[in-house]
């Protein structure tokens, strides 16, 4: 341990002024990575191991001792072993009494055990002060420098001083501790790295369901109907034509669903005359996943744009255009420009382009680093004003695109409306209700309610 | 207050080692959210309220007392009430003497009052140490965990120790304090959350003005001129054709304007022979909004790309193509491939694609999280070298696209040049001047000046 | 120095409780910017200068003294002068004995001197405690507030207490210190701001080499071959047609190369039966630049998409389409729809669109701010599951696009295979090997090995 600054790894500060000693139980990947980082930050590190013998993988400047010896050298002991082996700590309970034990373990499944690992550790070693920390950090992130990976470390524990000691170490390693309260939060902290996009579940499953529904709806109208009545094989529509109907429909519906809960909440607040009562649970959950709903809608819109732009390259479209031109030439016919058609065609394209452009802007502002750099007023301006403008443009795009077909009875195959008509229900509802809500009389009341005014204030408060 | 860890909200550490007591005046949304977060981080929180009675919304582990009682329990008092009600603090002046008062208030308008709320608070309670903090954090961000929202808290105050105490609390809550100096900075800190994209104002208004000008310019040349002289109705050009002229023109002009101030600054420095004199004010402001100008230019370029890619889908274009082919067939004519045309057409498309690609790259590197991960040299390489390459490619794209028209007199309707010719003025000027500036004789002098050399050093220094 | 809070620059807290005094040697841009920021954060700043006379550029509240006088006033001295002038510190060695000297200098080239500037400083003033810091921060970032620029400050030094003092200052300025160990790390810290995308070098040079190869390969087959044998001038293919072959080929090969090292690593681990032996050096390096390889591949894919979407606008393509239609009309021929062709055309377009969409998703999740907001499991899900799906879709896109040509002998000009056939080698190999590796017998062994199991454990451990 007396090797000094001639060492090439830039690890050894003068031994005279080491900060303090930290003990690590376990010499696995994470224990070693943490030890290495701590030595670099000026701590003296002692590993506690079954075989008290230095392996080549253990950082050079660390001591390796037996568990009991190592524990006696430090006030803080990091338990870098798996929960199944916590039992072996029981005999050490006397040595560990009063020490700060840092539980860094993770499980393989969410809620795998009835109590969190940290609480179990506190049961096994009752006299110790258990702090949960570091479980969201990977050994890889520790080793490769923390420039790229997340630097937030969730911490919880019942003893405030112990927690403070651990948080000081976390700060010294260049990480940011986030105090999550008492050890009861450990369950949640342990579940965090096991979650797989929890906020995305509802939007993704909803859109999968709607996709399936509209896919078969369009399949029936566009492939099966002409096959039965006109004996035409349009099965290849499955590859592009039908997805290019489903995508814009879903984009529009999901975008409508982003703004629907806000409108519902306004109605509920107006009806109740107060903002101090909680919304129904489903509405709360819905409002929390609006960002995800919007991003899924943006994904469908982006795919729709790509599908639309490849139209002229498609073999079928080139054949259709060519056949049409040839038939015109053979019939010696010249068609003059239909200005109305040109207007309609150019309008829905222009509306779609502007709508998509604003939609992408909304998506960019929801990137964490961008939204962190705008203040609250700017964020609301973008997400609310620009969001409604996007919804209006996209709804108008759909209306202009298909408006003329509403009146043709021939477009109602098997008495079913075109799929895109169904897609207009949600966004049109949202826009109409929102339009009503911005009438001065309602808007004024709503603003008052949101500033804390109550129609029937309770006498007790 | 003696409830303990049986509590399910993970809020209560052992009461024995609470960090310190913080008092919060006011039980509104923000006061409660802040109190909740502080309890979670181990503080003992006392609410001061008019009606000293616990509401169901107030965190369980907090005490609620009268203002006077609550104030006596803590050294730090957070004033979570609106400025209009600060008067009621005057009678408490004696109790508040020497205490740290944290002003967290915001106004509704920029510079609403002659003095900042924090300075007003210092006037109302002269004996207290007022610190401004937390006003940029929303109650929502505090409650939902601070993963997503900005974690920077601006702090200012005249008393360094008081400021230090508040900054310690901010750090304990997992937020990052940023010291902004004395209480005079409070005005600026209070204005910050009320700003609406201050850096974007000039670029956005400039581009709106230019858009209007070029829109009407193109309208006259492309719609009104053929209507008068050829009696053709091309009014539908308003939807796509004219925007698709205006967008690339604005993208090119704004991109030129991004690099123009750098070139002007170099000329000024060369002329003055020193870097130690300030640039004129307008140049300073212009240089500060270059990033925003560039992003607006990118937005116009992106819309231009979309407008261009939908060309073959437009009803008018399909009619024109079909008519042309039919007329050829009817005239029994076959046109052979014009290789020069093929070269020109492919070249300007390729130049445009590569220019747009680099432009998007520039846009991505200006995302905060990306620019934070590159060092200064990399950032300058991307923004300067790649930026000029983008400008060269986009200018070349425009030149190749319309080059042949410069010489045709028929393209000067009403003696007016094509709009895109106007768009070339700024970027061509920038490129020519930049080309002159990289001549060794000028470049060497400029480098020396930027390293601190002066042509006529002042005798006094 | 007795000016007080009447000052309009919000710089002066009450002089009574200044934190501590810091001395800065040198009044250049960076020294002044740092001094200004420190005064704002409550420090008392003394500048040491050759001419002890206040310049208008120096912050108002700072003192300017001679070097010797200034050094005596503070425990920490920031050396804001260039390495070439360090000599002048030698005579001051006695005064500087025991002081903390902060070296903030940068060089112009990587490894410009045999020892780092900080180590050289420690040699010049042997009795001082040298700490390296601040060199990655620009004067501009300090002045303009640190909202936008990176806030990480690398720190190293042999004396832990000195380092701690400097890190406290860094924190007080609102920056994040990152302890990098002893002064031996200074060389690396000084090289950091001079690096130019070190991780991108290999991917960029590899792709430039491959681009050149495939460009000439395609040039020979598509331009030179028809010129020699058919005397046709297709030289304009250089602008779009050939780049649009090269881009997808490179995108596919590079995407394959992203997943190849993972597959090789799995084979090596299976063969060795342990994860505790290091991979060969080339494999380690390859694995570290997978993200960059993938992003370069995405760039090629994006350019390919743009090149493909402009196809119908190209003059050559419009001529070809028109000629074909005219010849059909003149020959009085009507072609009926070929459903197989329609299927193939639509399928490869749909596969390409979905592949590109997933590819863009992968790109977005590799943005630092996004990857910081997902946990480890989510990141692996996206980069591994979605990554392989992208590779499968893109490979299928290429196979369906050109599948029919494999069998035509006419497509083998000069006995050379089509370029896109070469592009399929790497991705198909990766997919086949990966398919073998997920067979249960192999997958189970691999999972065990990665959890630490060893086939032949060493007796000593």
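Lettered A, B and C in written order, each chain numbered from 1.
By definition in this document, contacts are C-beta pairs under 8 Å (C-beta built on N, C-alpha and C of every residue); 3 or more make two chains touch, one makes a residue touch a chain.
Which chain is which protein? Per UniProt: A, B, C = STEA4 Metalloreductase.
Being a predicted model, the structure only gives us computed values, none of them experimental.
Viewed as a network of touching protein chains, the structure reduces to a complete graph with every chain in contact with every other. Two copies of one chain, chain A (STEA4 Metalloreductase) and chain C (STEA4 Metalloreductase), touch each other, and the residues they use overlap weakly: the shared fraction of interface numbers falls below half. If you lay the C-alpha trace of chain A (STEA4 Metalloreductase) over that of chain B (STEA4 Metalloreductase), the rotation comes to 120 degrees, to the nearest 5.
With centres taken as mean Cα positions, chain C (STEA4 Metalloreductase) sits 24 Å from chain A (STEA4 Metalloreductase). Multi-chain contact residues, meaning those touching two or more other chains, occur in chain A (STEA4 Metalloreductase) at positions 147-148, 309, 312, 321, 325-326, 329, 367-370, 372-373.
Here chain C (STEA4 Metalloreductase) touches chain B (STEA4 Metalloreductase) in the complex through residues 5, 7-14, 17-19, 28, 39-42, 51, 55, 57, 136, 138, 145-151, 172-174, 192-197, 233, 235-237, 239-241, 243, 299, 302-303, 306-307, 309-310, 312-316, 318-319, 321-323, 325-327, 329-330, 367-370, 372-373, going by the rule given at the top. Interface residues of chain A (STEA4 Metalloreductase), counted against chain B (STEA4 Metalloreductase) in their complex, comprise 147-148, 152, 156-161, 163, 176-185, 188, 276, 305, 308-309, 311-312, 321, 324-326, 328-329, 332-335, 337-339, 341-347, 349-350, 353-354, 356-357, 360-361, 367-378, 381, 452, 461.
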